[in-house]
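Structures for review follow.
Common to both upcoming complexes is chain A, partnered first by chain B, then by chain C.
Then we have the complex of A and B:
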């Protein structure tokens, strides 16, 4: 079932199709003929051991790396991102593991970083601070996580609140795909639960979510589909409802082949 | 996480009297408190300190330092430091002197000085951003290079610059404000608007706060770095014009005290040397404080040898206070 995802993934609700993507760093073959697809309105999990190629694949999709061979399609059209900026413009947002927020800036400044709203005066442009604060308030108000005033500095926020802001930023701005690399790795139990609620809400709003997680319980709880990577290859895909944690582990370790 | 939220909310609404007990509040306003204290102490010790004539001369004396400190603030806000500001000013002054001696019109001389500063700043920024060499080393090299180039270009000799316009620039003004003080104030206001009301300013703070996070959102931190050194160099060029107007000559002598005082003013102003947090009002008040300090000590007849000692103590005290910043 995973050998021809390109053909099986031509359904209308498929957002991203990765087709036979390979990438080598010198003599290291980081990705070997990887093919998979992600659907709109679904949480797709990407699992595998450390060094299996998950992060490399994600970096290809988000424009940091360019594949040596193979194609990536978004909305049925082939895309060739030269940098993360282009991927972001196409609607692919990434929530980084190390929380890419600037601690000394406020919540609203972080939400609008490099996407600031401005008032134009001829050749000059001044920040529309009120507009950004108001919109930031709207963005944050819908969060399940209790985020303090948008005017407070990120430094004052807890880990869960920061992750919520990061997710909020990725989800705003009409993004189609939100990639999350270990979004709850640094969080406590309660905070993890809140962030998971957020991820589910993203899905319900119609975003496609690509979730990288080492937490199997979380993968089984959240995802609709699981892709398994091993040694640079995509070795299998399962509907989460039709598989078990044991089967996924067996695929990851290679005890079972797809 | 709700506790953090309520603490944050409390901070914004708590009564003023509570804030006075908070060390963080004092740390944030260290420069202003210091300035007010100095003014009171010197004002009591010597009534001429608060005479309009002395205030006027203090504001003029603070003008060049203010302009350099504003440039320094932009650099420090990105987590860098510009050790070459004073040398760039010297170099720009020599460029002014040489072009003036060559018979260029005054406007062209002033432009040449500013462009000279801008160019060295651009080289600083490009080497730091593209060559990925530490700010400290690059600007240390530029310090030596610019002061040497100033000596080479002038053959070590000062050029007397006598010009009616420059004379009016240094002596004239509106009321108590000399023209140079007004220029410094305008620079500070523009800098404040740029830092807090433009995308560029936000990107400067983001670059200093977290270079990785800024890059992740697509900000070109290299461009921001180059831009802040260009700003610093250009302002050093502007400072050179005011310096010549004040001294009446373009001297190749180094202005080391300007370098130390520009950094000192920024630190006094509560700007984090780590980058990411900055104000313009802070360093401006810092520059005023340092000027008031040396002026007051002079008025009281304290030997000028003690002035650097006093500056050193004040700066370290201020840096100590910033540890309590929230």
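Then we have the complex of A and C:
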């Protein structure tokens, strides 16, 4: 291996360090000694063929799976998330491929689902609907997202608008890392461009972004760093500016070893 | 051109208020039921002269409340994405347990009332637990409990009381106070009203408040609308669903207590069939069978439509057998109307 993430993991701008993580499901070794790191204020792409272990790795970082071996550190401290809730509290947000939006709820209700603002009256907690609507408006306006109105139901939104709402939710609430699983796979050309702008804006605001994508042009366009996975292993990492699409493809297919 | 650029649009509030008042009204789940209720009220008001008198209205309201109380729970559950076929029998199970506990053990009826509350909540817990544990559809799980409870009601009543009905418990201690809570009548301006009407209003109010004003309400809509999404953002989907089943059980128990304390005895074979009335009340009231959409007020209007139709048919001097036909026809009509209204509301800006 040319890059040794474990040693560079101590750098100040490193947000997440994954160190020798392995995970098996029965006899299937989904992750084998995976080590990589993500930096603050950067877009890190994670690429690899289907079944290479990208999603499994992401699920470990976001608290859905717990690694059999190895450690994950956030801000230099080892973390052991027992569920997605804990990862979220630590500042790791995921934009799921299916977006995890409830169509019959409004934009603001989705943004605040399970994070409702309430007025407390002794044992009673009343929803602060106006407060949430106002805050949702600020979140949407802050990212200059093209969403019609925070009071409209998600069902009425286009694919790109939905993606924007999901990204908005992940970016809000002072998250440190936003994980995006194929954010533009289902979008048209124009909407993809909008979402890409949004991803860049997240980075500019200082979020670390972990981007899973099959779209090489997109990876080359957006990312600062690329990690390549093959058959459960992390087979290499490159600064995007110093590599080419051909080299990445070669790494993915195994035609070239790191 | 420059004018529009120099004057920044008053964004925040303008965006919030962009939906027109009409589309917001049409977007309410209960609007279809409300229209139906008005039509049916006018129909019987015209064709059945006795329907216009206050005592008849009181009877309609009483009948409506008997459907309406369990329908509140069934509506919440349906918004949460599930339904409960055991609700109708569970009502009778509750009254049987209360009655036989008090009678056989010769204890204060309140003991029976509390024991039956525990049993009822346990049934709800079982329904909910089986559902989240097995991931079977609620149709199957509650169909199973429906048949088991139907059998238990009949078999245990025969085993314990030796008949198809429980013994009269009206002379047991505590009957009077329990009756005052669950089944008393009171006069308002010379018209005798039943207390279930008040309880019904209370339950609808609480349910509406929970749905619209608490985070639990948000969660109920979310688990019904998209439970995978709800789970992904950390909503305790299983707890919400189990809680909803227990809410249905609680309201069935309450109705069961009313039946017990207004008739003193309970027929063990009653109950089956009523679960559909509760479900239909919720659906007519705008709840979506697939979950994620609906209201408690809608279910109340749905129950009121039944109360009116049931009494109206009798008061109009028609054959009472027509009730079931109307039930079906109304269900079909209301569902189509709701679908139509919903589409309009969705496509309208």
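Things worth noting here:
As a convention for this text, the second predicted complex is superposed on the first by the 252 of 258 C-alpha atoms of A that agree within 3 Å, B and C clash if a C-alpha of one lies under 4 Å from a C-alpha of the other, contacts with A are read in each partner's own complex, and residues count from 1 in each chain.
Going forward, a contact is a pair of C-beta atoms (placed from the backbone, for glycine too) under 8 Å apart; a residue touches a chain by one contact, two chains touch by 3 or more.
Computed from a prediction, not measured in an experiment: that's the story for all the values here.
For the composite obtained by superposing both complexes on chain A, the positions of chain B and chain C are in clash. When both complexes are overlaid on chain A, the residue A:205 reaches neither chain B nor chain C.
Once the two complexes are overlaid on the shared chain, A:157 sits against chain B while remaining clear of chain C. Once the two complexes are laid over each other on the shared chain, residue contacts for A:191 go to chain B alone; chain C is not touched. Shared-chain residue A:75: touches no atom of chain B or chain C. Of the two partner chains placed by the overlay, only chain C lies in contact with A:141; chain B stays clear of it.
Of the two partner chains, neither chain B nor chain C is touched by A:13. After overlaying the two complexes on the shared chain, residue contacts for A:88 are found with chain B and with chain C alike. Looking at the shared chain after the overlay, A:118 reaches both chain B and chain C.
The contact surfaces that chain B and chain C form on chain A in the two complexes overlap at residues 84-85, 88, 94, 96, 98-105, 109, 113-116, 118, 125-127, 148-149, 151-152, 156.
Chain C makes touch with chain A in their complex at residues 11-12, 15-16, 18-19, 212-215, 217-219, 221-222, 225-226, 228-230, 232-235, 288, 292-293, 346. Only residues 1-2, 4-5, 7-9, 12, 193, 196-199, 202-203, 205-206, 208-210, 212-214, 216-219, 272, 276-277 of chain B touch chain A when the two sit together in their complex. Looking at the complex, you find that chain A touches chain C at residues 83-85, 88, 94, 96, 98-105, 109, 112-116, 118, 125-127, 133-134, 137, 141, 148-153, 155-156, 169.
Remark: chain A residues 84-85, 88, 94, 96, 98-105, 109, 113-116, 118, 125-127, 129, 145-149, 151-152, 156-158, 160-161, 191 touch chain B in the complex.
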